[in-house]
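By letter and in written order, the chains are A, B, C, D and E; residue numbering begins at 1 in each of them.
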Amino acid sequence: MARSDAGKLSLILLMTPFLMWIVLLIILPQIGIGYLSFQEKVGPRQYVFGVGNYVEFLSEPIYWNTLLRTAWMSILVTILALMIGFPVAYYIAKIARKRSRAALFLLCLIPLWVSDLVRAFGWIVLLRETGVISGALQSVGLIGGPVELLYNDITVVIGLVYTVVLFMIVPLVSTLEGMDNSLLEAGYNLGGTRFTVFRMIVVPYAMPGIVAGCIIVFMLTAGSYLTPILLGGKNSMWFTEQIYTQFITRYNWESGSTFGVLLLLFTSAVVWLGLRLTGQNLASTVAKE
Amino acid sequence: MNVAAPQSRFLRATYSGYLVLFFIYLAAPLVAAGVFAFNDSTFSALPWKGFTLDWFFGTTDPKVGMFHDRRLLRGMGNSLYIGVIVAALSVVVGTCNAFLFERKEFPFKSVLYILMVLPLVIPGVILGISILVFASMVANGVENGTGIDLGFLRPGLFLVIIGQFSFLTTITSLVIAARLRKFDVALEEAALNLGATRVRVLATITLPYLAPALFSAFIVGFLISFENFNTTLMLVGSDAPLTITMYDRMVKVGSTPVLNAVSFFLMVGSGLLALISVLAQRQRADD
Amino acid sequence: ETLRLLTWGSYAPEEVVRLFEEKYPDIDVEVTYSNNEEMIAKLRATRGAGFDLAQPSHDRIFAVQEEYGIYKPLDLSKIDTASMQESLLEGVKANTTIDGEVYAVPHQWGTSGLMADITKAPDLNSWDDLCDPQYAGQTSMRLRRTILLGMAFAAGKDPFAAYNDLDEYQKLMDEVTETLIACKANLKAYWNGGDDLSNLMLSGEAVASETWDSTAYKLYAENPNIVFIPPETGALAWIDTFAIPAKGEADDAAYKWINFVLQPEIVTMMSASTGAIASVKGAIDLLPEDKKAAVQAAFDEDDLNNLKFFANIPAGIEEIEGKALDRIKAASE
Amino acid sequence: MFDLQGDSLTKRFGSFTAVRDVSFEVPSGSFFSILGPSGCGKTTLMRMIAGFEEPTSGDIRIKGTSVVGTPPNKRNVKMVFQHLALFPMMNIGENIAYGLKCRGENKVDIRRKVGEVLDRIGLPGVEEKQVSQLSGGQKQRIAIARCMVLEPDVLLLDEPLGALDLKLREHMKIELKQLQHQFDTTFLYITHDQSEALVMSDNVAVMKSGRFEQIGPPEQLYHAPQTAFVAGFVGDSNRFEGRLSARAGDEARVTLDAGGEMVARLGQEGLSDGAAVSVFVRPEAISAHATRGAAAADMVAVEGTVDSLLFNGANSRLLVKLDDGTQIESSHTTGAGAGARFAPGDRVTLTWAVADGLCFAAEGGA
Amino acid sequence: MFDLQGDSLTKRFGSFTAVRDVSFEVPSGSFFSILGPSGCGKTTLMRMIAGFEEPTSGDIRIKGTSVVGTPPNKRNVKMVFQHLALFPMMNIGENIAYGLKCRGENKVDIRRKVGEVLDRIGLPGVEEKQVSQLSGGQKQRIAIARCMVLEPDVLLLDEPLGALDLKLREHMKIELKQLQHQFDTTFLYITHDQSEALVMSDNVAVMKSGRFEQIGPPEQLYHAPQTAFVAGFVGDSNRFEGRLSARAGDEARVTLDAGGEMVARLGQEGLSDGAAVSVFVRPEAISAHATRGAAAADMVAVEGTVDSLLFNGANSRLLVKLDDGTQIESSHTTGAGAGARFAPGDRVTLTWAVADGLCFAAEGGA
């Protein structure tokens, strides 16, 4: 029948760009680095297939320590972003009046539209020994001489939370906005205290938003590059930096790919675990705008 | 009474205090970065040496303003060029995807849907290297096999565009699909019923309805492309976009307040764009 | 026609580019700032495409060219080699000749050494003085191969001599790694580029540091107390060269650029920007006045004779060095 | 002449049959309703007529011509959607002009026709308003005008009152009927609300699980239903379940499941003794008396206790619990001159004429 | 003893007064409704009782004790929300147990009580189901059970049937009333649907613009309204506007705005001659006759043409257009033994007893 032919044709027309995008730009490249990660270099322009790069990774504590460090700092950043972002999201979604709500939301978004680099640069200007904060503290007389606030892990965490907290707030706001005030009223009406209502109604209701926010924040943190590099101190190592080093400084694409694959596997595992523990699924959480 | 709000005066004050602190936290580095664009010093640091616009309009060394700095201008040009192309491409493909997933039924739909959102959770650096590696493998294969050099598969504008496109498309698809989901198919049926052809329905009903989403997807795509660093870093060739130019300047040459000036300029620019896109969304909330 | 330069931060000052473009109105110069590693990485990724002229250091060409073939041989007849200082030219040629083809000619040279604010750190004269507890929290270095080599020299070894024996080199590096990890607590920060370093020194946050001589000269102009100090074991010297990428598309323009920047008046401008010394005859005299003073304050004849030029890096060496650097970076204080 | 005919229409979705062998004829200029519970296939049937679904088998004829295979934009049947589907990106004038533009009429004609149709629906001069500026009832009329301006052979309406609130709905019922008179066009109206169907229609088809159970004018459906489903679905009814124990002429004797016996008129032919049957009695056919005296010959009488009085003005009901536990609703007049009044707990006798009880094969059976 | 009392309650939002000087008393165990059009302040009043709004002035007493200032979670009044507000992230059992948990009861007790209350609402064993698995009517009952398990002094219900569809609504009306009997708890019920209020309540308060217009049992409101608003809002009515021209005893002579005169009973005292008045006549009080003969002395008779017949079973209406253009609805019995039948276009005389017409000061006036 003519109509179903037209349907099929339009399906094919819509499917083609999608498949080209997904296959050529996402799947094949991932397979590509997967393949490359199993190439061991045995001499100039000579490679054999093997797991040497992975062995190398495992046998070198620096590498997996860096991965673990990246992971736990990312988790820390995620938790902090959640704790810092939740009250803000709650305020925007549930307390602010309609008009100020839009304004606050916009205010939250503005840093999002400025590149990572500018943000990190801003922190540097603020925190360096000759920076604004140090200067301000001195002029107030709180400290005698200049203090270095840059180049340590706390700075990195502050900077990272700063970069990602918006990605926590956005899904939280959109979930919490969907929560009818009458649920809260019912919670109180049935005898709940502020705390019970929060624990038994608000948090479970916001769970999809929490999970979505956490996933995005975790991935962004683990995959960030500029902030830990520019704000990090003498000891700070970030796994993406390792990947960059392998690719650019060492021009060792094989082990760079290995690191890439490992980072991907590792973050996916964390995300998967998070989804499992909270009983959510990827499509429904992340895709909810 | 809003039951969601804290009732005691003390809690309310604490809450407001917290929010104020939070927004100060959000604004501080941007304000700092912006303010030093006007400092009459070659360092973006205290002390304050007076107000100047040289870092925007200055023409003489050492204070060459951003509008006379050829490399920064070229970087900005590249960023604009890349941003417009990437945003346009990803809006087009995103629209197709939105129709595909909202309107069509086909086997393995849910699996493919997960594939569609997947790029969101792949770190940008990995997208960058994987596209770099894959493009090089193809280019090397072709070159070794036929001797033809597919130059566009080497780091450069094309790969940067492809790399940014690869994850931006997910975002535009989601934005457009969300709008399309709210679209009542009955509107299309009504138009058909009133005698319109399918093409006419698309042109007069569906696309006008989607227009605000297409517009804000474009803006969002453009801004994200403009500020992207992680993916671009791995794919950039000789035509570096602005973020890369700035980064190179910062770590390889040394930062002068001209970088603050660029930052300030970018903040104002993207702030305006964001505002426009929010206004467009506001309008769409009205209808 | 476009000339796409892949070069170091200050090697293409606006003024020089403008003059060049005035002289050759049909050539448009496009500059990408980079460093040794990135130049190689970029050219490797493109198999030598995307750029028309690169400026890697002399020790970074041989092995890379053997492995990846990213440069094309130079046509020396198109270069004004006569104006170059003989020893440097020959040295670079010796370092970069493969199968009888020459791949690079020298452009500027400079050294890595130490820098100190002599009012605050008057006695600094060896690499390992950076780890001296009396400067605790006030020194800095760049966590790259230079400091590894410097520390090796400071420990009385000759790392270049160990290049041919990987095991021995590994041992040497292990030793150096220990030292540098122990030293870590003494440092204020690792610097990444000239800018960081300038900020650190000018603000007084650091009083002594490993440095490029060029940066030190620049700072000398701002604050004459900050001087370049060649370490007693000798400053490490590098020569930045000109090399043409294998798929460069504007060779003529590239040769024009090379010859253009070797002209005396351009050399002066260039040196003013880079702080490095051109590899042309009488280069020191062509330095701008303030730089000349800085060089004279830093070097005497002995220091110049004691320069240690970086040797070609054989395969495997960078691997070892890279791991050492990673280990240092990751170690906690 | 029939404006619209359906011939053994069947529509299957996979293995599920949404519409099953439905035939009907809609005379020109009449108001035809399809009444049925949610999910019975009404919308599917209408979508086949509009051309949004292809029938699996059967034929649809508009003005005598088969339209199977004709795309929706080529059929001269127009449709008012449940949520109206007014185009939010156009103003009222553009909405109404849309179909005319698609036809390629010239601007002057379009302006004139839009103006005319707005006059006819009593909303002159609203061309420039936005959809969101109109009230629910006004939108309703615009949706109809948008179709009527194209002078369709048949206007389809899919529960157009569903989204309105109660008061407005009552009002629009009457207005719709008047609009149909005015335009003198065939209306095919879908609803699950029996009072809408009864009030407005010339003919009503009662639909159940994809089939038509009965087609007829409202009075016929109400007073002479042909199946248990129709009797139960159209209007309020008390229902008694039982088994047919004997027949005499058109009278049936039914042994009730709850105990006792009841005589009722046979509403359906072909029932055999012992068949499971339902007896339906409308509340307004029942009258309540304080318990006293015996019933007349052709009356049914049952006894029970008043459970509660549901006051609702002219529609008040007496809820009586029979001794066997069955609950019966009877009409109940209240107020000043209303005669006998009852209080919860009073014993009452309920009586109705034998002919007011209708006996059908129980649903699910036969 | 009153479970709930309101004393001159007033609530202002800024300069807008949502509830104005409202006083009422709800006796223990009774079903009390507040009936009023949208926006009249019903919800605001209920939220004050539940503790979600503080009254601007006035007092609320529950079981005699003032609760002004008591936070909502400390008041023993429970509330069924318009959209029920069942917690979507909990299953049915958890929903019902929520309040008990908040009270800190032990697990065994909670299990038992949840089971018991589910039995009482006729849904035993649904503890493990998710909210979304239940039908609208079942959710309704769960929402009530969730409150009732806490044995509140008063149960507040804010238009709980608003979201249900028509058939279910009819059914739930009766069920709600029965649940109230069963739990024997005081219900305070809000609605804008007069039939709900009439059917279920022991007492109804009619509210308008923040004020109570009249409080009384349903019959009283229906048969003896005290204001024009109540007469028009409660039950269907035909309304005639005019001016009072003369009074005699409790009879009023009204000059109609549309022309002609009408005699009606005075529903209200203190009307002076010349005042703008409205006369209300219920459709069921009107009977239609083929035009013939003169009317009796205490009857009003008007003449007109049948416009249309709206068949709706026992609720059928005759729509008559008087010669002056006024449209009148009269009840109309149809069917087999229904006597005179009319067709559109027939001339008819409509008559009603003078006492069935009620005359009030026009709304907006006095």
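Worth pointing out:
Convention: a residue touches a chain if its C-beta (ideal position, glycine included) is under 8 Å from a C-beta of that chain, and two chains touch if they have at least 3 such contacts.
Since the model is a prediction, treat every value here as computed from it, not as a measurement.
Shared contact partners of chain A and chain C, listed by label: B. Relative to chain E, the chain whose mean Cα position lies farthest away is C.
Across the structure, the highest number of inter-chain C-beta contacts is found for A-B. Centres computed as Cα averages put chain C at a distance of 91 Å from chain D.
Separation between the centroids of chain B and chain D, computed from CA atoms only, is 55 Å. Chain A and chain B, compared by their mean Cα positions, are separated by 16 Å. In chain C, 199, 203 are the positions where the chain touches two or more neighbouring chains simultaneously. Multi-chain contact residues of chain D, defined as those touching 2 or more other chains: 71. For chain B, residues that reach two or more other chains under the stated contact definition are 3, 43, 45, 132, 250, 255.
Against chain D, the residues of chain E that register as touching in their complex are 165-166, 173-174, 177, 193, 195, 198-199, 218-219, 222-223, 234-236, 282-284, 308, 310-315, 319, 331, 334-336, 355. Those residues of chain A whose C-beta lies close enough to touch chain B in the complex are 10-11, 13-15, 17-18, 21-22, 25-30, 32-33, 35-36, 84, 87-88, 90-91, 94-95, 102, 106-119, 121-123, 125-126, 128, 130-132, 135, 162, 181, 184-185, 188, 194, 215-216, 219-220, 222-226, 240, 243-244, 247, 253, 256-257, 260, 263-264, 267-268, 271, 282-283, 286-287, 289. Per the touch definition, chain B reaches chain D in the complex via residues 184, 186-187, 189-197, 200, 204-205, 208-209, 286-287.
Across the complex, chain A meets chain C through its residues 44-45, 60, 62-63, 65-66, 128-130, 146, 148, 151, 233-235, 237, 242, 245, 247-252. Against chain A, in their complex, chain C makes its touches with residues 37-38, 40-41, 44, 66-67, 184, 187-190, 199, 203, 205, 315, 318-319, 322-323, 326-327, 329-333.
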